[in-house]
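Pasting a structure here, questions to come.
Labels for the chains are A, B, C and D, by order of writing; each one numbers its residues from 1.
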Amino acid sequence: MLSTIAMILSAIVGLSLIYLLIRTIQGHPVERRIVFVYIGLAVVLPLLMNKTLPLPVTKDVRKLYDRLEQLQPGSKVLCAFDYDPPSAPELQPMAVAFLKYAFKKDFKIIIMGLWPQGPQQAQQAIEEAMLDPIIAGKNLVQGEDWVNLGFQSGNEFVIQSMGTEFKRMFPKDNRRIPYEDIPLLQNVVNFSNVDFVMNFSAGKPGTYEWVQFGVDRFGFELGAGNTAVQAPMMYPYLRAGQLKGLLGGMIGAAEFEKVLNEKGKASTFLLAQTFAHATVIIFIIIGNLAFFASRKKKTAGAR
Amino acid sequence: MRRQIPILITTIAGLVFAISYFIPHDPFGESESIFGDWITIVQAFAVWLGALNLLKISFEKISSKSADRHYAAIIIVSLIGTLAVGFYDGYSGMAQDPQVSFRDPGTNFDWLYRFIYTPLSATMFSMLAFFVASASYRAFRARNVQATLLLIAGFFVMGGRVPLFDMMISPITDFPVFSWFADWIMTYPNTAGQRAIMIGIALGIMSSSLRIILGIERSHIGGGSG
Amino acid sequence: MRLSSPNLTHNCLKIALFTLSLLLISLNAPLAQDAETAPDTAVTIEQAVDSANVAPLPAVNVMVADLPNDKGGAVLVSWELSPDDDGNGKVSGYLVQRSESKDGPFETAGNAVRGATKFTDNKTDDDKVYFYKVAAYFEYLDAAEEKIRITSAATVTGPVQSSAQWFNMNRLYVLLFMLFVAGAIIFYIEKAKKGDEIYIRKIAGIDAVDEAVGRATEMGKKIFYIPGIQDMNDVQTIASIAILGRVAQMAAEYDTWLEVPVSKSMVLVTAREAMKEAYTKVGRPDALQDAQVHYLTDDQFGYAAAIDGMIVREKPATIFYMGAFFAESLILAETGNSVGAIQIAGTAQPAQLPFFVAACDYTLIGEELFAASAYLSREPRQLGSLKGQDMGKGLFILCIIVGVILATLNVWDMSVIFASK
Amino acid sequence: MEMISIWIAAILTLGIFSFLYKDNPLYKACEALFVGVSAAYWAIVFYFDNIYKKFYEGAVTAEEPDYFLWIGAILGLLFLTRLVPKIGWVSRWPMALIVGATAGLWMVGYFVSNAMNQIGNTISNIIARDELTGAIAWGETFGTMVILVGVVSGLVYFFFSKEHKGVFGATAKVGTWFLMVTFGASFGYTVMSRMSLLIGRVDFLLGDWLGILR
């Protein structure tokens, strides 16, 4: 019912864009608040439609998946959560999908954050992953199967220092259990004792720093989930092999969910994302048509 | 004295971190770790400086009867209130067995995080979606060759990363032409452009760092040219 | 594309092959983490009815060596896979043990997952000598859900001693290239200090400054100069202030009102000084008013909203955006565009450049901002650095071209000297 | 309780969104709340995860105290002198430590990761071959050439000590095209990012608050 109304409404909204085009070409651009309304509708209506779309999986996501598939059960994976709530719509679905997959594959997860909010986002992601019946059935134990080391200040200096000794930066875990008393961390001294590093990053410090002060110094393997703003800057690293795979933005998250076969939030947002992109594209076109029309008028007038 | 000591500290710290990349042996390896410890602590104090400074400015606003003193009052109350909750949760959590962290689900601090901090910060940034749309309608023009190229590339990436264009051409072909093309742009021209920018920035950082370590650049310690 | 070393690729392929078959068995058998001394010889268990319950063959060709290029305290133990570690599920992992004497007792140094061929023992003492053993083991749950581990025999390898190195040889080429670039920068700074002319090419956005200031004068409207939202510790803000000096000079000459709203108190002070200097230079120090440079707020969106309001009210003829900008860039550029101002922007924030290019008349891209600042200020430090960096770029361009030709002709793969770990 | 919490979050969300209509007291109040809560949030996390866990427990209550950490704490306290303008100049010491160390770390880090490794990856046989069959991979070969041309021409564009004339100028021009395509890609991705954030908020309003999704 709601879905049908939403579809009819979006058709009407779509048609009204033609009116907008005419107004703009006539030289009366509409107020910005009207544009705001369109964007609001472009996001609200598709969410109500509750439809999923087919999505091809790009090779950067596939690459990460292939690498993860090669990790053996029992592999130790360091997970750096470097983001805050504003970027959570993009990164949280990745983190949840990753944790679900990792727990199902019996990876040992070591969580840390270079952003103060990171470990808290990680707690939320773990909470959600634990709801999965298969994972719940494993009765995972904090300290043996996963550990949250918390946050440490110092940005890239934390990575640099961890290259020698994790314990120096994280003398105790989130629950203040001393590093040496945590079963999972026995014989984990520095990066040479973890099998893979996964980073969810919304900016600085983040994947940039992990590559520069981690991968290129200590030679571990790194995979990353990034906000879309940051993702394009990571392609040189991806090509040079400094990054083993990249999930870019919510679309990357949706692809990751697809390839891992974990249905999550990102996939359900795909339609809204598509509508929003379409709206922006249409606005750029309208704006530019008006721009050229006015330029033509001007040159004609000058003659 | 006021000038020399900071310059000396800058140079020593800079040299330690630059040299230890090449010489892992002590004293460089070890002093790097010690300096790293200090930096993490100093940065923690820097955050406290920010919070205290905010308090100071807000109190000043109230005492000077500035127009936005009401908002300054909100800042003071919310800042002190959150600090109180955080300290209470942190210390009482330590007394429990097993210990509970202030960020564990169920604590008051976590409630503040989920229901106050998260909606405020996330909504603040989500407003950019509206601004980007209105800017693309009112300001993003193909005013010259450069801007035209930019908009065309943006057009294909925006449309290709979601199944928008590909659905339109699905009656003709099943091959996702546009998403393939968006991917191609990202993998090749984007990599090339980003790489050129990256190399340029790396050289720029290298030269400014060099000037800082050698004491030629002193703006960070409140001095102009050397 | 060089994504991984051949050895790794080889192993990865192997691992991928038997991942699936092993997954089933291992689902309920996480690796034991606790330190315990494992028996030296194979254990046979009475209940072992399954053929899989026979101890696996040990790892072969175990090698131990000091971890190279480190600061000591680490030994690298490497081996070749146990013949049983081939996808039939008979190996669950490897147990690395060490002792200070050849005859033991041996203690656990660590575990490695199946398919792994190396382990770094990071807990060694440089003064001591160590012996290592690498055993393969198989783990399963018996009828009582008890975890049973059967460990293979293992031979003792050693002795080995860890040590610190004085120079990381992998990084020699990095050092050479850095010395070249650093040398060039210092050389040209000294040269510029002596007063030697250093040429800098014309930059489109900078040429447009005259025109933009002139237009404001003709129209009798204001000029806004926005120096970004970062403090004075950001090089972009420093560059911005240098450009402001030049713009202020022109504005003073033409007697046009130049307004600089800032978001950091340090920037306020510095911008005022730069303006004073500029106005004095053209002999009009009295024309400068304090209100021309003013502080708005530290807050990002608050700053953007305040400038928005100013632009809409005052409708300036020209707006400069120079410095470090973040998400507010598009809000500002859109509003400036809507009042028909000429907009000249410059930033080194890659993520904001698209918005400036699409919404402004001229944009200084990345390094052009610094070049413009050197070009206008003629300061030896900046000029020399710019020239020195150009030397670095020149060397890199040369290396790329020569390297690609050599690689394509299969003469020499030059990339090895750049790929440093 | 859950219900009240969600209502509070929803009201705050709408309060911020009210700015889209126009600047108003509710928005300003929400903004002030945000500034206060986030400053305190940071302060608390840095206190417990660093000052308490790293310094206090490492240098004061530990069995084998690491006395070196005291120097870090003293430098940190010196930083706070900024609050007192008269003695504020001492805060330059810790500042000098951070600036110096960052310069040293970055100088090498950027040079290695963003210059050396990128040059190394650009230098390759432009004829790409399939890893398994050894046949020429035309798509990858073309892509490799695109990257080669893009990197070189981009670097030429950022060359400032030579005039952009003739072949050099033409190359620089090609460089700007690459930069523009790069910025276009960035632009598209940024739009994508911003829209996702909004979708996240709308999902909260419609789903968690109003409960009309699914």
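Keep this in mind: a residue touches a chain if its C-beta (ideal position, glycine included) is under 8 Å from a C-beta of that chain, and two chains touch if they have at least 3 such contacts.
All of these numbers come straight from a predicted model, not from anything done at the bench.
Enquirer: Applying the touch definition from the top, give me the chains sitting in contact with each of chain B and chain D.
Expert: Touches both chain B and chain D: A, C.
Enquirer: Could you say which chain's mean Cα position falls nearest to the mean Cα position of the entire protein shown?
Expert: Here the chain at the core of the arrangement is D.
Enquirer: For chain C versus chain D, what separation do you get between their C-alpha means, in angstrom?
Expert: That gives a centre separation of 11 Å.
Enquirer: Just curious, how far off is chain C from chain A if you go by their C-alpha centres, in Å?
Expert: Taking the average C-alpha coordinate of chain A and of chain C, the gap between them is 19 Å.
Enquirer: Nearest whole angstrom, what separates the Cα centre of chain A from the Cα centre of chain B?
Expert: Here the centre of chain B sits 16 Å away from the centre of chain A.
Enquirer: Got the chain B residues that touch at least 2 other chains?
Expert: If we look for residues of chain B contacting two or more partner chains, we find 17, 21, 29, 37, 39-41, 43-44, 47, 103, 113-114, 117-118, 121-122, 124-130, 132, 134, 136, 138-141, 143, 146-147, 150-151, 154-155, 158, 161-162, 186-187, 190-191, 194-195, 197-201, 203, 206, 208, 210, 220.
Enquirer: Would you give the residues of chain D that are in contact with at least 2 other chains, written as numbers and ranges?
Expert: In chain D, residues 19-20, 31, 35, 41-42, 45-46, 50, 54, 99, 101, 105, 107-108, 110-115, 117-122, 147-148, 151, 155, 158, 179-180, 182-187, 189-192, 195, 197-198, 200-201 touch at least two other chains, as defined above.
Enquirer: What residues in chain C touch two or more of the other chains?
Expert: 1-2, 71, 174, 178, 181, 233, 301, 334, 350-351, 354-355, 357-358, 366-367, 392-393, 396, 420
Enquirer: What is the shape of the graph in which nodes denote protein chains and edges denote touching chain pairs (line, ring, star, complete, other)?
Expert: complete
Enquirer: Please output the residues of chain D touching chain B within their complex, sorted ascending.
Expert: These residues of chain D touch chain B: 5-6, 8-10, 12-13, 16-17, 19-20, 28-48, 50-52, 54-55, 66, 68-69, 71-73, 75-77, 79-80, 82-83, 89, 92-108, 110-115, 118-119, 122, 143, 146-151, 153-155, 157-158, 175-192, 194-195, 197-198, 200-201, 204.
Enquirer: Over in the complex, which chain C residues touch chain D? Could you list them?
Expert: So the residues of chain C in touch with chain D come to 1-2, 173-174, 177-178, 181, 198-202, 233, 299, 301-302, 305, 350-351, 353-355, 357-358, 365-368, 371, 386-387, 390, 392-394, 396-397, 399-401, 403-404, 407-408, 410, 413-420.
Enquirer: In the complex of these two chains, what residues of chain D are touching chain C?
Expert: The contact residues of chain D facing chain C are 19, 23, 31, 35, 99, 107-108, 111-112, 115-117, 119-128, 140, 148, 151-152, 155-156, 158-164, 179-180, 183-184, 186-187, 190.
Enquirer: For chain A, which residues count as touching chain D in their complex?
Expert: Where chain A meets chain D, its residues are 2, 33, 36, 39-40, 43-44, 47-48, 50, 86-90, 116-117, 150-153, 156-157, 160, 169, 171-172, 176, 211-213, 215-217, 227-229, 231-233, 236-237, 239-242, 248-251, 265, 269, 272-273, 276-277, 280.
Enquirer: Under the stated contact criterion, what part of chain B meets chain D in this complex?
Expert: Chain B residues touching chain D: 2, 5-7, 9-19, 21, 34-35, 37-54, 56, 68, 70-72, 74-83, 86-87, 90, 102-103, 109, 111-130, 132, 136, 146-147, 149-158, 161-162, 182, 184-203, 205-206, 208-210, 212-213, 220-222.
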